[in-house]
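What follows is a pair of complexes built around chain A, which joins chain B in one and chain C in the other.
Take a look at the complex of A and B:
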């Protein structure tokens, strides 16, 4: 009985902690200059061309980053677990490095690289924010993605599954794509979402390198001139991510329901 | 040993398998120390030994998951020592949890055929056929997590057989199951193996399991082969002390002229080779008594040491603490 009461108290406190700021933000974003309430701030997002194109740019970067990170992390994590379980700990601490190094220091280092690397290849690479920022965001997303994927691999009998697939005539690559990847699907999706969230929120590196056409920077800029629009935008992107998550878990849920019929 | 009358050993599918001077070393330790062993076409050979004896290493070398330090592996007349696992034409059943979790039973069984680019219709037909063989015809659409451990192992067996491999490899397939299912599936495996006539290597640490299903048993210890023979040979005339100890229970009884004689050369005697309550036997005290159903296992203390006796369960057997006599039967 006392346990249940405590649970209610804790749940209520947690709900308040999360909901009060959100509801306040919603209330603020719905205010109109005249003193009433309306959807003016939300309409402003749709009408604002700069915001919209910056969102597209950032989504493009996010997709490229997620694909590259996963292509790098999944085979590496599998390979380490199968062949070199002894170095797993070492690799784990190595992947934390991007978190340990402050973004400002990293950006300064990148700026130095950018300034000193010549040649047509690098000039092309640094010409647009998509090609310039993606490699750096790959580095930033690496720790989160590696952790998510490695946790997923830890939860399955990886070696047995790969050996079973190979025994049935699959190459190691086929075993990875056909057997391992579907089995750790939720971990891979988790890694992709972390990457997406990271790219949609990264400001320091983009700003220092003067790539100002990304979504997070646009949000900050809008916030300077129109606070209401900025808050509306934050809420909208939160809702967007939430809908995306729901959509994915719904797709996953439908598959396992089909399984039990 | 379970025999099935209508399915004789070796119905044509089986090929010979041979390990030649096979050695696998990890640094200074030899997991396998020069194994020479041949499997006859269509036979079920149990590779028996304690954990760490090298039996799993031998199996993995045959499957192609590991490479030998030296020596050869032959399947049929083909030297497969350097051939990758995917091209060895073996079907393997693992200890547990080897089914692909995101695929149904039927999809699991059809996986090997898919890798061999067999058409969808034929895959479906063959998967259904094999699930029928292992008694799971109605579970084709079930996912592994919806099935019991025994059912999962049946699907794994069907999956291994679906590609019609030359050799079937069983890596302690029953060890994760509970006792009743274990015996059931053990007999099931033997039935299917005989029906398919497929050469089979059955790795196990359970001597009862090995004696029950195998045509021949190979006992392995510390990377070396101790004895190969029929279950009757291995049990009845163990070649080494290790085999005698590992397979069944063995008493070391000093005996002369068919009588227990302190100080005489020792004889290896199974628990059923001793009898209690004989008129002219050696004096003994019952230390423990365990009722096992048809027999009762008595541990006796005597002047020649502790002796283990299996006596037919009957009223009037001496109880714990009672004094009795013990003698060799026959």
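Take a look at the complex of A and C:
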């Protein structure tokens, strides 16, 4: 029973360390100027036009980023598993790379291009925060998206599915879209929601490139005058993403249990 | 049947793995994208670091970036912060991952921890900074509670926007990342190994000491290195928490880049970025070496 005791200690410590800041933030965000509690800080998202517009901008960036990420990751991960397992380890290591390439360094390189290079390609790229930030958020999102999708592929009989689909006359693309994609739905959704988390939290590149109309930047800015609103909205975006991921996890788990019984 | 006849070059075994260069073509979009949008910025950082404002090659920026006292201080506190939070995060994260793994695979605990790990590890730190201010700021809930039971953090010199406060916040995303990175390795420990050890009379402690830890060592080391790189690269938390009052390498880069310093500081900023990339590259090589050793035991 000694084994049980360390588990309880570790889980209790973790619960304390992870919940106290979240609960403190929740308490702080619910305070009202009058001294009571209320949802006033949360309502700022619909009352404050700047915040609302910034949320729309960031959601737009998140959607474009997620689509691009999945378009790059799903075919590549399938291809590596089917045709090129020799590079699987190498590619997995390569997908660690953007985790540790500092966003501030990426931003420095992009800022140099922004300041010194002209031409229609770059003018289009840097025209708005959506066009300028999306390509680089894709790079930041690739590592964990690749991991999530690859884990999903590891759990299904990929080769059998693709060969069966092809024997029935499907093209590889059809097999990918209509057979593989639905079976790894929860992994794909998980990758998409983690991308959303990243876009709703990224302030370094946006700040350095001076695209200050994104949601996380607006949340930090509003904190200078209304700290409660900042805390409320950042907490809400965190919990919102978490709830989405939980929903995917529970839905996926229920389906796989049903399938195995 | 007619489909098969129409495509004689496509026998059912066409999806067999190959090592041919044709198969490598399928990687082109992925690798090409990384080359353009990750390699591109890195190229301009490196070339900018190695040239003066007029574009002539020089090493002066690099020399300035490692010799100027303010940059050296930033470098040291970045390394210190990353190393300490990587070790704490790795140890606590490994224990947490193992504690969670002993629960049933579909238990709510495992789902909560794994989804929360994803969100917290990748959110980038803005909400974390605010949550820690709300908890441990001057008037934070935890600060006030601790004061009421006789522990006055701020009287004993603690500040949330200090290096210690920042470290405490960093651990909040280091632990979840460790859980994500180490869980596969922990799952790879075969129950047979434990049974064999127990049959030979090993206690739980000697099983961990002589079997599990040696097998896990490369994975643990590799994950710790990734954690170091993760903290070393992180800037969002520091930006939201302190708005630049703690000298860290990313802070130094950002202020060298922004126009409020001398114009030729831009190249020094890029040189600082270059230094960071070098540190990260060394860490990554270490990670790859350890990863190769870790793969030896994952014959699954």
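In this section, the second predicted complex is superposed on the first by the 217 of 261 C-alpha atoms of A that agree within 3 Å, B and C clash if a C-alpha of one lies under 4 Å from a C-alpha of the other, contacts with A are read in each partner's own complex, and residues count from 1 in each chain.
Here is the rule we go by: a residue touches a chain if its C-beta (ideal position, glycine included) is under 8 Å from a C-beta of that chain, and two chains touch if they have at least 3 such contacts.
As the structure is a prediction and not an experimental result, all values here were calculated from the model.
**Q** For the three-chain arrangement built by superposition, which of chain B and chain C touches the greater number of chain A residues?
**A** When the residues of chain A touched by each partner are counted, C comes out ahead.
**Q** Return first, second, both or neither, reflecting whether A:15 touches chain B, chain C, both chains, or no partner chain.
**A** neither
**Q** Touch check for A:127: first (chain B), second (chain C), both, or neither?
**A** neither
**Q** Determine, under the contact definition given at the top, whether A:165 touches first (chain B), second (chain C), both, or neither.
**A** first
**Q** Pick one for A:43: touches chain B only (first), chain C only (second), both, or neither.
**A** neither
**Q** In the superposed arrangement, does A:56 touch chain B (first), chain C (second), both or neither?
**A** Touch status of A:56: no partner.
**Q** For A:157, is the partner it touches chain B (first), chain C (second), both, or none of the two (neither)?
**A** Touch status of A:157: first partner only.
**Q** Which parts of chain A are in contact with chain B and also with chain C?
**A** 163, 166-167, 169
**Q** Applying the document's contact rule, which stretches of chain B touch chain A when the two form their complex?
**A** Where chain B meets chain A, its residues are 63-65, 84-88, 90-92, 94-95, 97-102, 104, 111-112, 115-116, 141, 143, 146, 156, 159-160, 163, 169.
**Q** Which of the residues in chain A end up touching chain C in this complex?
**A** Going through chain A, the ones touching chain C are 2-3, 6-7, 10-11, 13-14, 17-18, 20-25, 27-29, 72-73, 75-76, 79-80, 82-87, 89, 91, 93-94, 96-113, 135-136, 138-139, 142, 144, 159, 162-163, 166-167, 169, 190, 194, 197-198, 200-204, 207-208, 216, 219-220, 223, 227, 230-231, 234-235, 237-238, 241-242, 245-246, 249-250, 253, 257.
**Q** For chain C, which residues count as touching chain A in their complex?
**A** Within the complex, chain C contacts chain A at residues 3-4, 10, 12, 14-15, 17-19, 23-24, 26-27, 29-30, 33-34, 37-38, 40-45, 48, 92, 95-96, 99-100, 102, 106, 109, 111-112, 114-116, 118-128, 130-136, 140-142, 171-172, 175, 204, 226, 229-230, 232-236, 239-240, 250, 253-254, 257-258, 266, 269-270, 273, 276-277, 280, 283-284, 287-288, 291-292, 295.
**Q** Residues of chain A touching chain B in their complex?
**A** 156-157, 160-161, 163-171, 174, 178-179, 182-183, 185, 256, 259-261
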